[in-house]
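Each chain gets a letter, A, B, C, D, E and F, in the order it is written, and its residues are counted from 1.
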Amino acid sequence: MSGPEFPMSCPLPTGDGETVQMAHGGGGRAMARLLDTVIRPAFDDAELDRRHDGAVVEVGGPAAFTTDSYVVRPLFFPGGDIGTLAVYGTVNDLAMCGARPLYLSVGLILEEGLPLDTLRRAVASMRDAARAAGVRLVTGDTKVVDRGKADGLFVNTAGIGRVVAPAPVGPAAVRSGDAVILSGDIGRHGMAVMAARENLGFETVIESDCAPVAAPVLTLLEAGVAVHCLRDLTRGGLASAAVEIAETAGLALAFDEAAVPVRDDVAAACELLGLDPLHVANEGRFLAIVDPADVDRAVAILRDHPVSAGAVAIGEVRDGPAGRVTCRGPLGVDRVVDMLSGEQLPRIC
Amino acid sequence: MCLAVPGRVLDVAGDEPILRVGRVDFGGIVKQINLAFVPEAQVGDYVLVHVGFAITVIDEAEAERVFRHLEEIGELVVEEDGAA
Amino acid sequence: MEVCGGQTHAIVRFGIDELLPDGLSLVHGPGCPVCVTPVEYVDKAIEIAGRPGVVLCSFGDMLRVPGSAGDLLAAKSRGADVRVVYSPADAVAIARAEPEREVVFFAVGFETTAPANAMAAVLARREGLGNFSMLVSHVLVPPGMRAILEAPGNRIDGFLAAGHVCTVMGFEEYEPIAASYRVPVVVTGFEPVDILEGVYWCVRQLEAGRAEVENQYARAVRREGNRAAMATMREVFRVVPRRWRGIGDIADSGLGLAEAYAGFDAERRFGPVLLEAEAAGECISGAVLRGERRPTDCPAFGTRCTPEHPLGVTMVSSEGACAAYYRYRGAAAVAGGRR
Amino acid sequence: MSGPEFPMSCPLPTGDGETVQMAHGGGGRAMARLLDTVIRPAFDDAELDRRHDGAVVEVGGPAAFTTDSYVVRPLFFPGGDIGTLAVYGTVNDLAMCGARPLYLSVGLILEEGLPLDTLRRAVASMRDAARAAGVRLVTGDTKVVDRGKADGLFVNTAGIGRVVAPAPVGPAAVRSGDAVILSGDIGRHGMAVMAARENLGFETVIESDCAPVAAPVLTLLEAGVAVHCLRDLTRGGLASAAVEIAETAGLALAFDEAAVPVRDDVAAACELLGLDPLHVANEGRFLAIVDPADVDRAVAILRDHPVSAGAVAIGEVRDGPAGRVTCRGPLGVDRVVDMLSGEQLPRIC
Amino acid sequence: MEVCGGQTHAIVRFGIDELLPDGLSLVHGPGCPVCVTPVEYVDKAIEIAGRPGVVLCSFGDMLRVPGSAGDLLAAKSRGADVRVVYSPADAVAIARAEPEREVVFFAVGFETTAPANAMAAVLARREGLGNFSMLVSHVLVPPGMRAILEAPGNRIDGFLAAGHVCTVMGFEEYEPIAASYRVPVVVTGFEPVDILEGVYWCVRQLEAGRAEVENQYARAVRREGNRAAMATMREVFRVVPRRWRGIGDIADSGLGLAEAYAGFDAERRFGPVLLEAEAAGECISGAVLRGERRPTDCPAFGTRCTPEHPLGVTMVSSEGACAAYYRYRGAAAVAGGRR
Amino acid sequence: MCLAVPGRVLDVAGDEPILRVGRVDFGGIVKQINLAFVPEAQVGDYVLVHVGFAITVIDEAEAERVFRHLEEIGELVVEEDGAA
């Protein structure tokens, strides 16, 4: 045999440390390091949850509890990203329960191959958003799935808040004659994401309205406004929210299309794609249904907060037919507004 | 059928007739549009766009006529504010 | 009758029909190219989409049109690579970017869309994109109008002609129709004021006993149409007979690929579409398309037939008359009653 | 032109109602129907959350809050499924906080094309598991992603419990000399899932140990056992749990390998695949670290509950080196036990 | 020296070395076929796995072996279709079930694994599976032992020969080694008691001044080996020169596909593996593999080099000596200090 | 290297030598194994299995000898309890 050479070394692998690997979800060392270096630094309350199964928190009264998963594509879009969305979305749902948002849990599902830098950015967004909204991220979980079995990053948040509304807030509290207030212009989030995702070639950037709306809601409640129902206008937009409330309350709801603010660029984008702004998602807009006596005061309070500076009274709740939502058009004729049917698809004809 | 939206031509590029394109402003949204079918379209013109192709140049005098009607009946222009 | 589904929607959405005096009723026409695409084309598109390596590109409207067993969205949910395009040029761009895949564009539309779809073929040929083809089911408006006028139940006194179709084609071809069937034809735009004016002009003709072609939509439509667009359309397409879903076979009522572009014909590449006799059912969309019946005449409307589970083509497309009624009139009331 | 025939009908589409479609997540009618017919029937507390943004709950004291996402393949496996896992996993994490599990949120991410029947089964499992564990599913969320962008069904649950432990439970409370109790045999869940997933051709069926462990934990606490730390042995298995506790506590932990129960079939499967049972996941097993004075009483209490009938004392906590976990082998020599490194892969050599 | 990594693990795991008297030290050998696979084969496997339409099948151990830029797991995380198989027959089954895909089996191993891998080729040929091929980097133990004995720093007094290799090959080929290098060779099993007995028999020979081949593992090993297994192995493979990662080129030290099976050679189908000179670095795994140094002699051990981020092959495979030490000895202490 | 596990042959099937297979019981886990390399293996025999192939039949008398050793030193049989 030929005399083998014996180099005193073995090759240096460069590794692939900058993307998520299955091992990051395996419950071992790689996962511990991912949690220690990437995930936990974003949590305000590392001490609460550090390497334990959950957090211990104080609510001090009736609690609101909610959850949402976030599956947005692209992960980063003008005006926000999946991290801000995941925090504000759940904060807003707590606010819609008449509660002060306090604690959030975070469940991450990572697709193998996700750049760690993407994860870092999303997690930093969550931290910043939590600070902006005054909530604490106190417990979390991370899973990794095989490449092709997810879409980069899915985020679930669940939230706990302290209920501050003096009376139950929800469709059941809605009464005929109540005023319907919209907190600002609609359609920005959905169009921002669609424009970013669908390669529509829009040069103009539409920014999502993604924002926490707890502050104006809490001010309304603190001011003693008789808030009967709150609903954020996420998937399905204003139309679906209004129909859901009307159906659940067993009442009708009528509003004036001209009163609904839609920014020019959003209106133009909707027109180009054949979409109705009433069906487009928002992430920083809500309906407040209040006692008619309080409507002016409520609008004024909302307008004092930047996030609801564009608040307007758009309509009213009426006696039946149950679930019927109508919208008065420019020719003075009412049309029925329904939930979105099926998926929202751009149209050409 | 045949959703078509008016927009104002901001600029024009492309050497060959069938590759003629332009940036078109639709009331705030700017998007590149194929101008092959409107060789006469100039910067500043309003064109009617369908599935990414301009299919005609809007006659502004005629648009003006309809716009006056609109004012008469107090209608809010919903679709063609850019062109009207 | 307003021929175009876009006008139908504007009418229902803005309540224009409710503003009209008694005795004047707007009849909704067959004006949705998505609606009238035969079920066999939808089935073919689904079959092609299901093949490995194929990307099927379609306008969004087409995705929910029911084939004989599900729609393109359902095919996508089973794993087919179905992509929504906003422009036919997007389909060409996909073929360019993904040369290892077969890109098939489902080309439907009236004359408005035909030049743009034709341009896709021109661009693909110019670039030598061997992986691009089109499944073509284009229809033409004038033969459709003639078919409606010749139907036994015809009750149309005048037409609002489709403004965007005429933007491409002009309106010379409507003059013989107006003359031979003695119906006023007013080329009309899509704003409420356009439609009101179109109706007014139509009534004015009827009252004067005239049957001419008038152009309400003059800001966008010239008598001779768009010559450049027509040239491209005629280079790529030739006139062929077509079946209109819900209506039937109409001679010379559609476009197919011309011989010079036969290489881009998806039917050559993936086998021809074979039309079969349409089955009967409770849906009356044929009569709705021809303007003989209204959506609310249909016993299934809003109950067994809704936009999510359409029984017929006029409920499928958001431009279809049944969908327009459901959306702006009957939805919540019917839905509220159901749940 | 030829005279067209005018059939008075249009074709009847059969639709594809039996799989999840994108429209089911679109926020419109299809989604409302999915929620009403498939999802909400599984929630005990439909009235709490029906068509509202969250639930209002009462905790009545300090609360434990935790979350986990479940991404298991296959969705159904011997001894459990993603639904039971999602409920018991979060219930168990609450128990590990020394808390009585009360309320759960449920976030579903559905892949387009998922058979609705699969969803129904998973949701029914969640309902049954929640009943078995005595918790209420009070709020939820459903998202649908494009085919190929998820893996059938992902489930997130978050949970709230009332803390009943009189003193904080966690690694920080662990002291040198504490006894380490294992609640039963290890390795069943991981091997059950791997055998079901990897097409290993095992004729023998290994059943997951998936089970709620709150009951024995609450009994320990009620009996006044000085419980210092609790940890369920999920991803990463006994080894990772022990190392995490030792590292966080800054202490060492030693146990006897012979004392750790491993069923014969699990041991054989591990041997065939070259895996160490100490690294294999469990879903109904935990470590209880208790004051040494209480060890016999604690073991006896645990053995009274079917789910921890196999409880054994396996070792003890020792002073430093911090984070060192050792295991005494059959020859009487201690070896270091570390977390799993990287992903768990079957070996041939 | 125990040649086999399986024995190294048993030794470290059960603390057998700690039970031995002073003066008797166990030196860990090159006994991990995964470890000694040249980096260029790993790179080739990654390159092949990255091609569209390819399924790369590998034993789980091979997935974390670092190539020159990442491992097969990282390739999978980038979208490559890399699948773990438990048996080479599984790879053949995949080729059978997915005829439209190219299935490449990364065939590594010592003599123990060679007959099974050879059988995969036999089955594929029998079934005419044109979409199956093997990337072969098989090594043989006796030439490796000779290379260690001939190295300048050699300090081996006796061998525990690898029991499972001998199960296939028997132990006749070790007799010339024992005789010409004057070292005892004891064919040894994998239980702690086997290893203790193997060590004892080795010491007994050394004390008696003998240098023979003895068979401690007689319950599994026959002098002549497994003739059926050897026949299949020799039908499919031929002896070739091989580079051993960390050690270097050794003549006649490996197996490649015989001419009759060359059609299944992935190197023919996807291009040959081109070996380059190994680069220098701080890792001393070459010396570890040859038994000249211990893992704990390495300054990178447990700090810059861990099983998650291995610098060298002996940390990669769970059978590698560095991995065994990290796992059973140094892990928590080192890790605790780091964090 | 070369993880091999002993198991007991429960049954044997397959007409041709290279397709000879059998169900093998590994201390509770039963799995089908290729027996092409152990034509002499009978039902009841213990075989040593590597990557799905039996590579030898275990000599029970010899196994017995090692087993006695084990008892002498009080060792727990970790790997080969089935065969020992």
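Throughout what follows, a contact is a pair of C-beta atoms (placed from the backbone, for glycine too) under 8 Å apart; a residue touches a chain by one contact, two chains touch by 3 or more.
Please read all numbers here as calculations on a predicted model, not as lab measurements.
> Starting from the defined contact criterion, work out which chains touch chain E and chain F both, please.
Chains touching both chain E and chain F: D.
> Which chain maximises the distance between its CA centroid and that of chain C?
Of all the other chains, the one whose centre lies farthest from chain C is F.
> Which chain's centre, taken as the mean of its Cα atoms, is farthest from the centre of chain A?
It is F.
> Counting residue numbers used by both copies over all numbers at the interface, does the chain A-chain D contact come out same (over half shared) or different (under half)?
same
> Counting in whole Å, what is the centre-to-centre distance of chain A and chain F, each centre being its mean C-alpha position?
That pair's centroid distance is 59 Å.
> Go ahead and note the Å separation of the Cα centroids belonging to chain B and chain E.
71
> For chain A and chain B, let me know how many angstrom lie between their CA-based centres, rounded off.
The separation of the two C-alpha centroids amounts to 36 Å.
> Where the centres are mean C-alpha positions, what is the separation of chain C from chain E, in Å?
The mean C-alpha positions of chain C and chain E differ by 67 Å.
> Which chain F residues reach two or more other chains?
1-3, 50-51, 75, 78-79
> Residues of chain E that touch two or more other chains: which are they?
Only 5-6, 32-34, 59, 73, 86, 90, 109, 112-113, 192, 306-308, 319, 335, 339 qualify.
> Find every residue in chain A that makes contact with two or more other chains and list them.
Those would be 21-23, 29-30, 146, 148, 200, 247, 274, 330-331, 338, 341-343, 347-349.
> Which chains touch, pair by pair?
Result of the pairwise touch check is A-B, A-C, A-D, A-E, B-C, C-D, D-E, D-F, E-F.
> Once bound in the complex, which stretches of chain A touch chain E?
Listed in rising order, the residues of chain A that touch chain E are 1-17, 19-23, 29-30, 33, 36, 112-113, 146-148.
> State the interface residues of chain D toward chain A in the complex, per the touch definition above.
Interface residues on chain D, with respect to chain A: 21-23, 25-32, 50-59, 62-71, 92-94, 96-97, 99, 103, 105-109, 138-141, 143, 145-146, 148-151, 154, 156, 158-160, 163, 168, 170-171, 230-232, 234-237, 240, 244, 247-248, 279, 281, 338-344.
> Could you list, by residue number, the parts of chain C that touch chain A in their complex?
Interface residues on chain C, with respect to chain A: 5-6, 12-16, 18-19, 32-34, 59-61, 63-64, 73, 84, 86, 90, 109, 112-113, 192, 306-308, 317-319, 326-333, 335-336, 339.
> Looking at the complex, which residues from chain F come into contact with chain D?
Touch list, chain F to chain D: 1-3, 5, 23, 26-32, 49-51, 75-76, 78-79, 82.
> Please give the residue numbers of chain F that touch chain E in the complex, ascending.
Chain F reaches chain E through residues 1-4, 17-18, 34, 36-39, 48, 50-53, 55-56, 58-60, 62-63, 65-66, 69-70, 73, 75, 77-80, 83.
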